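Take a look at the structures below.
In the two assemblies presented below, chain A is common to both, partnered first by chain B and then by chain C.
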Partner chain A sequence: MGYRPKQAELRNNNIVDPKDTDQVYDAYVSELNGNIDRQNIEAGSINPLDCAKNAFHSYYDVYTKMNEEEIIDGIGNSTTAPFSDVPGISYGLYSGGWAKCALDLEFDAIEGSLLLEFSCYAYNNVQLGGGKMLGGGGQPKSGIWLAFQILYNGNVVAEIDRQYRPFCNPRMAAIIPCATEKGVVSVRWRATARNNDTTNYPLTNCPVAFWSGGRITAINKYR
Partner chain B sequence: MKAGNRTLFEPLAGLNEMEPPEGLSAQELVNFRVEPQTMGWDSRIGWEPYYTAVTTEEDNTWGPFDQVGPIHSVFYWTTRAGAKNHLVYESDYFQPNVKTRLWTYQGNPAESIIFDDDRRVLAPNQAGTNYEPYGRYLIILNGRDKPIIWDGIKQRTLGFQQRPSPPNPWEVEAVAGTVTVDKTNSFVRPLPDSSLVVETSQVIDWEIQYGLGSQTENEINSYRYKVTWVYENGSESPISPRSNPTTWTSQAQGFKYFVWLDNIPRGPDGVIARRIYRTKNLGSSPTAVNTDKQTEEEVYYFLDQIDNNNDETYYDTTPDSRLGSLAPRDDHSIVFPARTARFAATYKNCLFLDGGEGEGGVVYYSVPGSPDQYKALDFFNVGTGNAGDVTALKAYYDNLLVFRERGIDIITGDPINGFVYTPFIRGYGAKSHNSVVEVPTMGMMFLSDDGIYLLKGGLKGGADLQLQKMTQHLQETFDRMNTAMLHKACAAYSPKWKEVHFYFPTDGNTEIKDGVVFHLDKGTFSKREGFPVSCITVDEHGEFIFGTPYGRTSVNLRNNIQGLFWISRSRHNGTFYQGSGDSGRVRIQDLPPTFTYWSAEQQFGFDGVEKAPKYLYLKLLMRGNNKFIVECYKNQDIKNPIDLGGGYTQPSDEEAQKVFNNPAITIDAVPDDYALFDVAVWEKPSVMYLRYDVACGSVNSFSFKLRGTADITLCGYAIDFGADGKLVRAVRGQN
Partner chain C sequence: MGQVNNTAFRSKYNETITSTEMNAKYSDFQTESNDVDNTNIKSQGVDRINLQGQVVKVFKSFSNKAATTTPDSVYAFNTLSGRGALERSQHQLLHGSGVGYTYEFDFSASPVTLEVGDLIRINYALQWWRVENEQFDKATGNAGTAPSANERDYRLCWLVTPAYLSAAYDPLSSFWNNFPNKVNWMSNYEKKGPEANISPPDRYQIPTADNPVSGFDDGILVFSPDGYFSDPETVHEQTHHGVWTYQNTSGSPITLYKIGFFIQGPMKLISQIGSRNRGFETVSTSGLGTDNSVQIGLGNFHGNCIIYSKGSA
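== the complex of A and B ==
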């Protein structure tokens, strides 16, 4: 109940007594500290639209990219060719299958929902003119693709199917429920698997694909 | 001056109206409370409006109490662990003799909302409404208007005010293919087993063939129905009379039939389901059981429950073998018997009600768990020993106390083994349901015709139920009590103040002006004057909330006192309405209630020997620059009080303690200083003696009186006197 009668009254000519003085304010302070209820709050003061706009949440993000040790030198076929500065993976270090990035997003999730988003830029070595793959002795293949997955605590929650285009900005998002727990969001990527034919698909000096500039964002809305 | 003898009087006791009052008690003790730190009498009480902001609002209304006339009852109901509370009160319409209303007070925005309107006006000998929590409901009764059961959200009338009417089963057209008005033509033909192809893994029970009636040609089939209503709390209404029979003759094809029911009665507000009961096939004798067609009473069984209060029709396809348990008997639930019940009590899961003004000698009780359902024989006739009507029902410990005008009875037992009604005491009773209050650690205190009594103990395990009069020494006050108006008396206990308040009309008045307070800390009484309490309740924090018999009584005028008030530490004596029209304002009375402490007559041993009091020491908690009147009386001569003067309640020889003061007010008397935050030092109020010179010569008995409006805490007193052994001269009295 929000109302209180006077617990003490400071009157003229009474001595400055701590108990009486404090009781005047304590009543209001205790009201604010634990007795705010429908008697104190104006009716209809908090509506669902307000809640939606200002729902409690946290957000986290992290930069992510392919692991350095998997990357060799440029896709371009010469030092002056286009994209010669763009590095890429090679079959010497990558044979196929899902590879997980080392740069994860870690945070403490609060029970509610998680909006997870990942985006990056990506190159496939399927350009006309062969590129470095040709220069390295290989053949540019139209069959090179990249695919991505977002994992939350080890579970796949979103996936981008194979992207065949030479340049693209893959982006995916998912909204999942979460508990109050340690949350780890990671990204896995996958490219066309290694071919037995190492003449056309050399193991070295032949970058296949590349992605970087990745950002993992998580927005955690509390229940 | 050396006095010779000193007598100390502490700790102080309470009010004592014996002649002459002696020792530590007081002849008058008005408007005090017990200060727990010192166990002294503290004058810091007052009363202020429940909606405290009404005195600061810049409009001419009484805020949430603007339309409120005199208040007759108030109740504070806490639910949901104090998170949702309801303050319900009953007042007259703001014009007299029109109607009364029940209001609930809503805090935000502060307003009173009409809960029930157009209620009957009280006669002078009638009391206000009573409120009794029962589980998650509040039962609201006054014996004049409909009894209400309220769950905090919705309200309805308590009990079933009527029996349901029977449903109407349509006739069944037995011959397939014909259609006749007013008959159902629904029949089902049992399928031979071979016509259905099922998987071997499925089990289908073909022994139950749905539909009513016999499959034997030319057999007569006949059924009757009854209906009950069900409230959300499970209470079931009286069962309806039986319906007309529906009858048909079975055909050669061996059909079974469905029966269409309509006119299933919808229940009153609050009914959430209807239950339908049906006989088994009564055959050719519509009043007989299947086996014996001549003499058996028809028996009803549970058919189905319609889970709403809307459907008026039902399609009955249930064969006899699928009927449920027996229907309730006619006496398992009756029309609400206590239509003029004035009060209620909850005891052993049953709701107990009195019979009302017309049936003052009856107590009804409900089925356990179902406050709306009453069995035909569940009541007590209480007319033994001419103890008068039932005036209150209170559950206490393992008994239900039935207070009567001149007696107390007890109900013990439980709903399974049965309740037992036992007369207990004759001669003492209570006249008002509101003047009986349970006091923790003590028992049940109640106001009878001649004082306050305490009922304590129990009947289990060899314990005793004892009755004790608490106010033998307050006979003068209770002699002034207006016993014809005792139905208006009210009482409440506060765990916070540790006080039990009793208010009752005195001196022939019809309204309450004074009260008597029992202080648990000291086990004694004091009086309250100037608190216009007509009804009182206690909130979940132990604060007293009371209504007043004033309030608005005209369209154009607002009263000085209107609505609900707190008893608080507010040093104000209520409110007044200043001005009129648009410029009128509700104002708080600046002056506090006046306190009075008149000590006992001190005779220092023997009245016959004269003594000369020299000094009076008052043992006070030093509170600052507070001044009050100190007078003394010589030889009980109340016509000529002697003023002893006196100073402030500051320590005599020490530096004056800092006080709160308005610097704009220049007070000529010192000590005087004001306390600034961050500058002044906290002061400790301590108990010290103030000495007053007494110059009244030799006396046989001496008493003194303190009165005023200041803040004081009196912890004790001492009197220095000289005794020279001189005997008083006159023994025979004057010629």
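== the complex of A and C ==
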């Protein structure tokens, strides 16, 4: 409330002074013209659906995936190679380390909290030949993995440790405080690096990994 | 509403303020006080205590509890031969409507309109059991005999997707809808019953552009037993926890009567070669015979759903 007006006491035959009248009346007008707040409004009296959009929280989401330049369709040294018809990492452009997706989630954050979440499906060939492009048969082995991170304005806020499954559904979430600011949520991924010795271990002998179907979600609840 | 316009009484010696003038002022106040909107309210003046209930539009959940009188009722899906219409583990309906239990979000009593901009979040838990331990041969599509003789197909997986009904459920005519702008995972559910000798293979294309605008392949659950052979190193059961989010950006409201979940497989991940798009392809069952291999036989499923309203336009 901007002002708590007092009760004016009027008596019969009084000549009411204009200034007194204006002062009291102006207080009521001032209250109604933009100073109504939680103290004026009865508890539980407003239907949330009557509120303007994003009145109490806002949410954003975006689809994301591996960058196309990092993907190669049809890996292997021949059309009949075991991995010739599965998508995977192009080791011409990726040789290890954290790779950032081009598709970010950008929005205007309002001071409060952010629920940040990422999920996708992922594939790697962990079960055959140590997960390499060449090979087939043999016992399933570890050695090929995928890992993910969520970044908020450049800072890592959530991370998934190495996933060694042929098919899995990585998912991570974090709730962080935020200021009123420009928010950028990014995803980075990482996979087993190829062997530096490409003579004895040609690129076709590199691990096979792929992920897609990513969704970044941000729910901003205001302070 | 407009603001209350107020002109001050001019101060004059012995000026009389008439009742007409006062009444006019109070009438203005009365009029505007019956039409309060955001122009009257202080910035950030409304607090949560002023709201009725929550800003969440809908909350719904279902558990794996099922009717005890229904055969195999403890499972969300069951491909054992005892369930006649689902002998093969393809195109199974992860949904028990019609047999006494449902594993779906049912809004039929009060259908929900998902307005443009509303957000659905579904938290789920899926548990599955592998029933048979036979090997699946990539080259022949047949159950293999020994690892050294046949190459195991490493690309095989099972896939679970959500879908919705936009009208009251009818066991004879209901058509489940794929959520807009997603890969149409329901396009092959027009076929009835199990599939065999699929020709051409059912395929689903996933995005191959850096910034696709439709055909999104998110919102699915993909899993495999880590190999399809009798080996202690493979997985026989597993539980997955995850979340699906969907914001209605289709441009039109969506009426929700039910949200159900569908499993299909085995599928295989394929690359883009020639005219074939990158995506998933159902596996040919030719030569498999009546004994299923690669069978995900049993499963439990439960989840909860929250729908957030975008608010008034």
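The rule we apply is simple: the second predicted complex is superposed on the first by the 132 of 223 C-alpha atoms of A that agree within 3 Å, B and C clash if a C-alpha of one lies under 4 Å from a C-alpha of the other, contacts with A are read in each partner's own complex, and residues count from 1 in each chain.
Heads up, the rule we're going with is that contacts are C-beta pairs under 8 Å (C-beta built on N, C-alpha and C of every residue); 3 or more make two chains touch, one makes a residue touch a chain.
The model shown is predicted, which means the values in this text are computed figures rather than measured ones.
*Asks:* State whether chain B or chain C is in contact with more residues of chain A in the superposed arrangement.
*Replies:* With both complexes superposed on chain A, more residues of chain A are touched by C.
*Asks:* Quick one: is A:154 in contact with chain B, with chain C, with both, or with neither? Answer first, second, both or neither.
*Replies:* After superposing on A, A:154 lies clear of both chain B and chain C.
*Asks:* A:42 in the overlay: touching chain B, chain C, both, or neither? Say first, second, both or neither.
*Replies:* Both chain B and chain C are touched by A:42.
*Asks:* Just checking: does A:56 make contact with chain B only, chain C only, both, or neither of them? Give me first, second, both or neither.
*Replies:* After superposition on chain A, A:56 lies in contact with chain C alone.
*Asks:* Using the touch definition from the top, say if A:177 reaches chain B (first), chain C (second), both or neither.
*Replies:* Touch partners of A:177: none, neither chain B nor chain C.
*Asks:* Contacts for A:29 in the overlay, against chain B (first) and chain C (second): which applies, first, second, both or neither?
*Replies:* second
*Asks:* Report, in rising order, the residues of chain A that make contact with chain B in one complex and with chain C in the other.
*Replies:* Of chain A, residues 2, 15-18, 37-38, 41-43 contact chain B in one complex and chain C in the other.
*Asks:* Spell out the part of chain A that touches chain B in their complex, as residue ranges.
*Replies:* 1-18, 37-43
*Asks:* Would you mind writing out the residues of chain A in touch with chain C in their complex?
*Replies:* 2, 15-19, 21-22, 25-26, 28-29, 32-38, 41-57, 59, 61, 63, 65, 67-68, 73-75, 82, 84-87, 102-103, 117, 119-121, 123, 125-128, 136-140, 165-169, 171, 173, 210, 212-215, 217, 219
*Asks:* Applying the document's contact rule, which stretches of chain B touch chain A when the two form their complex?
*Replies:* Touch list, chain B to chain A: 44, 46, 48, 50-52, 82-85, 107-109, 539-541, 543, 566-571, 622-626, 648, 657-662, 665, 675, 680-685, 710-711.
*Asks:* Mind listing the chain C positions that touch chain A in their complex?
*Replies:* 3-4, 6, 8-12, 14-17, 22, 25, 29, 32-33, 36, 38-42, 45-55, 57, 117, 119, 121, 147-148, 151-152, 154-155, 157, 206-212, 216-224, 226-227, 231, 233-234, 240-245, 247, 269-273, 278, 308-313
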